[in-house]
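Look for subunit A in each of the two complexes below; its partner is subunit B in the first and subunit C in the second.
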Partner chain A sequence: MLRSYSLSEYTFLTAAVFSGMLTAAVFCFLFYFGLPLLQSGQLADLLFSSWSPGKGLYGIYPMLLSSLTLASLSMLISFPVSIGCSFIITALAPIRLRRVLLAMIRVMTGIPTVVYSFAALFFLVPLMRNLIGHGSGMSILTAAPVLALVIAPTMILFFVNSFNKVSPRFTLAAEALGCTKIQKILYVILPQAWPGVINGVLLGFGRAMGDTMVSLMLAGNSTAVPEAVTDSARTLTAHIALVLAFDFDSMEFKSIFVCGLCLYLLTASLMLLFRLSTAYFSKGR
Partner chain B sequence: MRKNIFSIPIVITAAILFLFSASWSIASDDLSSFAQQKGTLRIAGGTAHIPVMKEAAKQIINFNPKIHISIAGGGSGLGIKQAGEGLVDIGNAGRKPSDQEIQKFDLKLLKWAVDGVGAVVHPTNKVQSLTSTQLQDIYSGKIGNWNEVGGIDRQIDLFTRDEASGTRKVFWKKALAKGDISTKANVVVSNGAMKTAVAGDPFAIGFVSVGHIDGSVTPVALDGITPTLETVRSGKYGVARGLYSLTKGEPTGLAKLFLDFLVSPTGQQIVADKGFIPVR
Partner chain C sequence: MRKLVETCITAFSWIALFLLIAALFTLIAYLVQKGASSIELGLFFGDTSPLDALMLKRQVFDGLFPAIAGTLFLIIGSMLIAIPIGVAGGVYLAEYCRGKMKPLFNLTFDILAGVPSIVVGLAGLLLTIVLNRHFPGQIAPCLLLSCCCLALLVLPYLIRTTQTALESIDPLIRKTAPALGASRLQNITQVLLPHSINDIVSGIILATGRCAEDTAVIMLTGVVATAGFPRSLFGQYEALPFYIYYISSQYTGPDELAQGFGAAIILLLLCIGLLALALWIQRRFTSFLLFR
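Right, the complex of A and B next:
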């Protein structure tokens, strides 16, 4: 009995270590291939110049800016919707409706982003073209709501989970004191569950940064620095997808390792930052 | 893995039907070499090639359902790379690979068609003729509004292809005289996507392989010459290139049979039917 227990334990440990190492290995891989560029002191050039291979410029500044803008904008749209949805699902709606809503949200998490993008290409793009009045209708503003739709289910599920974990002692006490449902949510559940909310936001933002299809199909992929959200723009992920077809030895191809590295570090450091701050604040209380 | 991520939007995996049609058993002699064959043939690369590839694959599979042929896009750069690495049996390219690429990968080339690349606009666009200078200025961003070239007062929506595209390369070299392409241009990843984009946007201008031009987009005459099959064939319309299929080393097995089929009379008829100019 004891032996089989330790065996399964070892199996799990191996699996955990293996997947952890994979993440590290990806980083090493990107770093190794990006190193020649980083060493030659071109890092600042790469980060702050524009992309124009014909002129020997391989900068990723426009893509970096587009990625951050698009992810933030979609977060801005998605967060209020998601938190509202999770309030409804955890506390406001009748029990039966809650189950239906939750089931729908679960289905939504599984829909591939290419499906959303494809639908948006035919409905949202012409609409945006008419609304904006100039440009092709492919812009950051077109991609943002679709991306918001993509990241919402993840966030909602996370929020719902953390709301449900709030101890019934608090919620029952609040109800006993005569709190309305809204008061219960705002003054009891939310303050208790906020680390979960932040984690959900974090995951959502990570997904928004990492998604390729939505921006590749809807944002227009122009390499100019976007001056407004109605401009066509290319994200880091779409850039990698577009440049992959180049020859291995070309400078274009090498530069996308730096792109990948940027994406990796950006997401990782954001995660780390949020984790640390949640840990710090929850200790302080 | 990397290839998969890239190919998702454009893979037109020809999961071509296994129609058992007895009528094909009396097909032309050109197909007869496929009779006793079976196996899988993987093709990827240039997106201009796809209509011909699909039709050829369809005829071969109808003739002998034991042969599987998968056709993916990805662009000329990808075709050269994947053929060179042996990831696909046949890589397609809409430009001649550089000497360096040929040498490094030991590529063998087969040119089986000539294809023009023409600027296209939405059918409702009044501007259906431009001079070279106007086209260059539009692409460099110097001309930004359709009314500067005789159209309505509306910003021009520029569409271009990714830098690894063979179609882009020939258009840039021969139609734009190696001029700048504005960074504000939208970028799409295949001839098909370009056609869809321009067909859906009344204010767009893009460029596609002449074989892809149909009723959904209108070709723009360049210096008075409309890019059509006839003008490309006669050489009057100069923005043209060869369509190549590449193999790593001398082609063998199914790849060889497939390439032989492309240059056979039946294959060349497909080439002509799809709007390209046969080489034989």
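Right, the complex of A and C next:
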């Protein structure tokens, strides 16, 4: 067994441990800088008060609310579209069309979000301005469909992947019994693969929360608490992106770390949930 | 009743697909329609002659050349950092790691993959602040810092693709070389890695695409609107995605706007090109490398 602890293994081990430490390092950085704020017992204030630096209030509640609203709204649009598309790619379309569609969806994952947002800024925003009738046209409602378009390919690929993992023993049996394609999906594949659907939704929600450019360019960046989806709003990610506008010693700058911590913990707990549910469902088989 | 539900869901699925494709093509067609006319040599080099610009004799002021060069440097720099660490980490996870450490590593890299890019950029910014306390005035956001942060962003993808590629190798192939007396390292470097090279390379190309498109990381770690051709690793630089963002909020006239659309088309082509290359490699590269 001595040989297995060779120099090469140590090299590989170092690389893996180093990458793992970086994950922790990102968290430690945010925590270290956010610590003075957390220690002073203002956490509840920071999380649940509004943002008005003039009055000495640096709460991130409006951003937190906007982030959650925007992510949920885009999920609401993206989920039905993604599940429909994955039905088509899994079974409904003729086999050649399926390949073309799958390749197209994979290429879609590579389209830069900044390009989507740039096109939408000059195409969708004027449309929304006329539709809403007031304001600049930049609102949660403008950003949500674009964000939905950004996260849809990820979800579709994940859904298709988990649908394809259903054992051919089931699908072939269903076909032999004379099922139509849609019956095969609804009564055989979906009951088998629904944990995959839940996991895909978790992944998609994480991506929606973490996206910066769409909300920064399309949601309007107003720091007020959004009262309707047609209001301009600033998400956590956009708030961090605008950090360079602040002085490095100011309270505004310090509240950024709380935003970063929030985002880190939210996405990490989504991932943890994702892992746990994957482990739980695969054990149940 | 069931029949009706089934028909409805089928119809709904086709409508969903149609909506997705329509949305995608509307945005892209709009982009092409607005930006196609601005794509010419002047978009890249402005008033400077292309030869002078490429030889770095004269600075380019109103062209995309510095931004494209900046993006290329970013890609090369971050890949130089990320590929060795990522592939080595992936090899460790797939070939050496056993027992309780493995789920822990898996979870760590999942979390890292889920961390929003803006948070990675923020961590980079904080690093400069910490370093500035110890070496005042010497450390500022720069090209090297952006490369490191981008490398951190794509690291989990590289580790994951390498790990999955190695783990999915047929046990028959995995056991042949050791049976003939090869050491573990020889088995990895001469059998397992070459065998899964197409998956690893396409993973690397996907990661490259992410480096090229990511805006959030670089806007906190040193990208600026006008810096000229990047001259040093420790200087500020321009990059395509940030240029597009900058134009969208700061454009002064239709000419600049047209340049922004041109830049968006170029970035789109770059990313789609990289992705198509990755897909093509996944299909073709194996036969090319293994049976030459």
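Methods note: the second predicted complex is superposed on the first by the 253 of 285 C-alpha atoms of A that agree within 3 Å, B and C clash if a C-alpha of one lies under 4 Å from a C-alpha of the other, contacts with A are read in each partner's own complex, and residues count from 1 in each chain.
Basically, a residue touches a chain if its C-beta (ideal position, glycine included) is under 8 Å from a C-beta of that chain, and two chains touch if they have at least 3 such contacts.
The shown structure was predicted, so the numbers you read here are calculated from the model rather than taken from an experiment.
Visitor: Counting touched residues of subunit A, say whether subunit B or subunit C comes out ahead.
Guide: Comparing subunit B with subunit C, the partner touching more subunit A residues is C.
Visitor: For A:Ser52 in the superposed arrangement: first (subunit B), second (subunit C), both or neither?
Guide: In the superposition, A:Ser52 contacts subunit B only.
Visitor: Which holds for A:His134: it touches subunit B only (first), subunit C only (second), both, or neither?
Guide: first
Visitor: Which partner chains sit in contact with A:Leu244 here, subunit B, subunit C, both or neither? Use first/second/both/neither.
Guide: both
Visitor: For A:Met217, is the partner it touches subunit B (first), subunit C (second), both, or none of the two (neither)?
Guide: Both subunit B and subunit C are touched by A:Met217.
Visitor: So, A:Glu252: does it touch subunit B (first), subunit C (second), both, or neither?
Guide: A:Glu252: touches subunit B, not subunit C.
Visitor: Under the stated touch criterion, which partner chain does A:Arg234 make contact with: subunit B (first), subunit C (second), both, or neither?
Guide: After superposing on A, A:Arg234 lies in contact with subunit B but is clear of subunit C.
Visitor: Just to be sure I read the superposition right, which of the two partners does A:Ser167 touch: subunit B = first, subunit C = second, or both, or neither?
Guide: In the superposition, A:Ser167 contacts neither subunit B nor subunit C.
Visitor: Touch check for A:Pro126: first (subunit B), second (subunit C), both, or neither?
Guide: After superposing on A, A:Pro126 lies in contact with subunit B but is clear of subunit C.
Visitor: I'd like to know which partner A:Val114 touches here: subunit B for first, subunit C for second, both or neither.
Guide: A:Val114 contacts both subunit B and subunit C.
Visitor: Across the two complexes, what residues of subunit A are contacted by subunit B and by subunit C?
Guide: Common to the two interfaces on subunit A: residues 114, 122, 212-213, 216-217, 241, 243-244, 248.
Visitor: What residues on subunit A touch subunit C, complex-wise?
Guide: Those in contact with subunit C are residues 3-4, 6, 8-9, 11-16, 18-20, 22-26, 29-30, 33, 80-85, 87-88, 92, 101, 103-104, 106-123, 145, 149, 152, 180, 182-183, 186, 206, 209-213, 216-217, 237, 240-241, 243-244, 248, 256-257, 260, 263-264, 267-268, 270-272, 274-275.
Visitor: Tell me, which parts of subunit A touch subunit B in their complex?
Guide: 50-54, 62, 114, 122, 125-126, 129, 134-138, 212-213, 216-217, 220-224, 231-232, 234, 241-248, 252
Visitor: Touching subunit A in the complex: which residues of subunit B?
Guide: 2-3, 5-6, 8-9, 74-78, 80-81, 101, 154-155, 157, 159, 162-164, 180, 182-189, 197, 200-201, 203-204
Visitor: Give the list of subunit C residues in touch with subunit A in this complex.
Guide: Its residues touching subunit A are 6-7, 9-10, 12-17, 19-21, 23-24, 26-28, 30-31, 34, 84-86, 88-89, 91-93, 95-97, 105-123, 125-127, 129-130, 152, 155-156, 159, 183-185, 206, 209, 212-213, 215-216, 219-220, 241, 244-245, 248-249, 257, 260-261, 264, 267-268, 271-272, 274-276, 279.
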